[in-house]
Amino acid sequence: MSEHTYKKVEIVGSSKTGVDDAIKNAIDKASKSLKNLDWFEVIDTRGHIVDGAVAHFQVTLKVGFRLD
Amino acid sequence: MSEHTYKKVEIVGSSKTGVDDAIKNAIDKASKSLKNLDWFEVIDTRGHIVDGAVAHFQVTLKVGFRLD
Amino acid sequence: MSEHTYKKVEIVGSSKTGVDDAIKNAIDKASKSLKNLDWFEVIDTRGHIVDGAVAHFQVTLKVGFRLD
Amino acid sequence: MSEHTYKKVEIVGSSKTGVDDAIKNAIDKASKSLKNLDWFEVIDTRGHIVDGAVAHFQVTLKVGFRLD
Amino acid sequence: MSEHTYKKVEIVGSSKTGVDDAIKNAIDKASKSLKNLDWFEVIDTRGHIVDGAVAHFQVTLKVGFRLD
Amino acid sequence: MSEHTYKKVEIVGSSKTGVDDAIKNAIDKASKSLKNLDWFEVIDTRGHIVDGAVAHFQVTLKVGFRLD
Amino acid sequence: MSEHTYKKVEIVGSSKTGVDDAIKNAIDKASKSLKNLDWFEVIDTRGHIVDGAVAHFQVTLKVGFRLD
Amino acid sequence: MSEHTYKKVEIVGSSKTGVDDAIKNAIDKASKSLKNLDWFEVIDTRGHIVDGAVAHFQVTLKVGFRLD
Amino acid sequence: MSEHTYKKVEIVGSSKTGVDDAIKNAIDKASKSLKNLDWFEVIDTRGHIVDGAVAHFQVTLKVGFRLD
Amino acid sequence: MSEHTYKKVEIVGSSKTGVDDAIKNAIDKASKSLKNLDWFEVIDTRGHIVDGAVAHFQVTLKVGFRLD
Amino acid sequence: MSEHTYKKVEIVGSSKTGVDDAIKNAIDKASKSLKNLDWFEVIDTRGHIVDGAVAHFQVTLKVGFRLD
Amino acid sequence: MSEHTYKKVEIVGSSKTGVDDAIKNAIDKASKSLKNLDWFEVIDTRGHIVDGAVAHFQVTLKVGFRLD
């Protein structure tokens, strides 16, 4: 991060596979509407259970991007 | 929450009545500009005091909504 | 609390009405299977939103009870 | 809050009715001995259980007041 | 989560493979004695090191389940 | 801790003597109903005051035990 | 804060000079796209080091503004 | 705690002996100027080291007392 | 800190200039009514924004002083 | 952990692949200069984003090792 | 603490006796390799249980020492 | 931060002038014995009071540096 101003937004990504994939899905989605994404921070990891097994993982991220 | 991506925004609602009403006011206001609101989380409860009595309650919420 | 041993369990109560009622519902439910309930601590307050309004409040409590 | 110095004190209010009322009781009591009360922050919510039901709610507040 | 009462228990799952697998192992074990498991929250991730390499990952979860 | 699944429960032990003794009392009580106790973590230390002196110490612990 | 609804956004300001200046830069930038800015809260202070000296300070703020 | 209002103050007690004694010293001192002391909560434990050994323990407490 | 008892109070200082000055203002004010001030701890930094610029910084401190 | 003294150091491992691999890389690097590594605790998970995708994951660990 | 630079390291001390003794053991061990130890802060208290009783207490400390 | 391994150490810098200067002093001192310093994070700000005025500011930092 150089001498810029950044904004952070909080998003929740999901995946049936695992934590890494939920992070990637969230970043992929965020990159569709936000430019200059620079870093992410994991805030929280949780998920849903169906029939006694993990149905999907959910990871809450803060995503930082540079303001032009 | 199914396998979607969500965004969270942080809002502060107010009420002269109490905590429940401040939450409802915040959600009501948020629903005017955001679609697909799904859940809220209370982050902080505070308020202002005037003449030795509560003038209004203020509740900070995170509100999650599904990205289309 | 006198010189006893206590156990705490974590429960989540719900209500369409508000925070106080969600707490009471959780205590009422817990008292059906646990004896000697002594105190509660609010850990977290959140809820679900349907059609832009609060559908129900959810309050996570720790409930302490005396071990015989 | 304008350019003044403030002090915060921590008080615990009680109520048989609920959270809002416990907050109001605490502010009411504090206003009897402190002038220029300006705001409060909820720190903790808990309560006592008697015979399987909430006997009273207890809310810990920080109360800020302006030093003359 | 609809208008029900839930209980949360805290469990620690292990895996030689990684974080996702430790979560799945914990859920799998919990589902053997608890019905109506609904969600999990990751509280803590740690592990043991043997001969300078990760011997196994340990993930502490809170697991929520609906009380009948 | 080897590659097992563990559960944690939260208990509060008391003692007129001090913190160490309150911990021991809590573990002693927990060991009466739970097998395979493996470790404890101190969560909180508090106590009651009577006539301007400590009447008893209360220590909240999480206690981990191996599920068979 | 009177009986309005507010929104908070999280921004990161930078400065070669110090913490105060990084806060001012962040507010200045935020005021270009947001109206009715009302208060800020410092969340985090960090910075980059180049050649053994502080290259720039970075301060993460939450900035609150009134929704019309 | 029954349906009263309480105030909490924060004090730091010291002892050359250990944690329990530092708590007792703090309560003893507080009881000289405050009436109706009811409970304490340990906030922080630290101490000074002189010549490679503990010179004294310092325990920060919140002490709650009933307002008449 | 030697083997004494200390008390901490929480105060909020303000300044149009910056964080350091807000701290100094708070200490200066506190020293008018309290003797034997020994140390301070910064708890929170925030401020008000007027016309898109910082109007004043507000720093919440805990201030420790020795009880005679 | 038996009756020994341990030291903890804080390291940050990176990986293009995911969280598990970043942990393993950090442990592998730490084991090159430290003997008797015994356990790790994940403190923080974050990463960099390049061209709208995760460039690498970064996991901050505390690593505990036995002092001889 | 005067106008010096200090470093903090994190160590874990053990004792079969109790918390005070675990702190002293950790300081004693640290003083063998570090000079100018000045203060400690307790971060975490836990321990192992064998046969339903505390086998040893483990206290994690940060220890501060002056850099020459 | 690219795909390297980093270590963080915790240091406390002091200054009679203010927070920025205490940070710079700490980094300056750390750079005398550590190479490849990359970033810092402010953990805690406090200070000593003498004769009712700030005698010096003390800032605790985590400093990250790249392992070769």
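To keep things simple, chains are lettered A, B, C, D, E, F, G, H, I, J, K and L as they appear, and every chain counts its residues starting from 1.
Following the convention adopted for this analysis, contacts are C-beta pairs under 8 Å (C-beta built on N, C-alpha and C of every residue); 3 or more make two chains touch, one makes a residue touch a chain.
The shown structure was predicted, so the numbers you read here are calculated from the model rather than taken from an experiment.
Counted as hops between touching chains, the shortest connection from chain B to chain I is 2. Note on connectivity: the fewest chain-to-chain touch steps from chain B to chain J number 2. Common neighbours of chain C and chain H, listed by label, are D, F.
Seen from the Cα centre of chain F, the chain whose own Cα centre is farthest off is G. When the contact pairs of C-D are matched by residue number across H-I, J-K or F-K, over half of them reappear in F-K.
Taking the CA centroid of chain J as reference, the farthest chain centroid is that of D. For this pair, chain A with chain G, the centres built from the Cα atoms lie 22 Å apart.
Taking the mean of the C-alpha atoms as each chain's centre, chain E and chain K sit 31 Å apart. Chain C and chain I have Cα centroids lying 38 Å from one another. The set of chain E residues that touch two or more partner chains comprises 9-10, 19-20, 48. The full set of touching chain pairs reads A-B, A-E, A-G, A-J, B-C, B-D, B-G, C-D, C-E, C-F, D-H, D-I, E-F, E-J, F-H, F-K, G-I, G-L, H-I, H-K, I-L, J-K, J-L, K-L. By the touch criterion stated above, chain A contacts chain B in their complex at residues 9-16, 25-26, 29-30, 48, 56, 58, 60.
For chain D in complex with chain I, the residues that touch the partner chain are 1-9, 62, 64, 67.
Put simply, chain J touches chain E in their complex at residues 19-20, 23-24, 27-28, 31, 37-42, 63. Those residues of chain L lying in contact with chain I across their complex are 17-20, 44-49, 52-54, 57.
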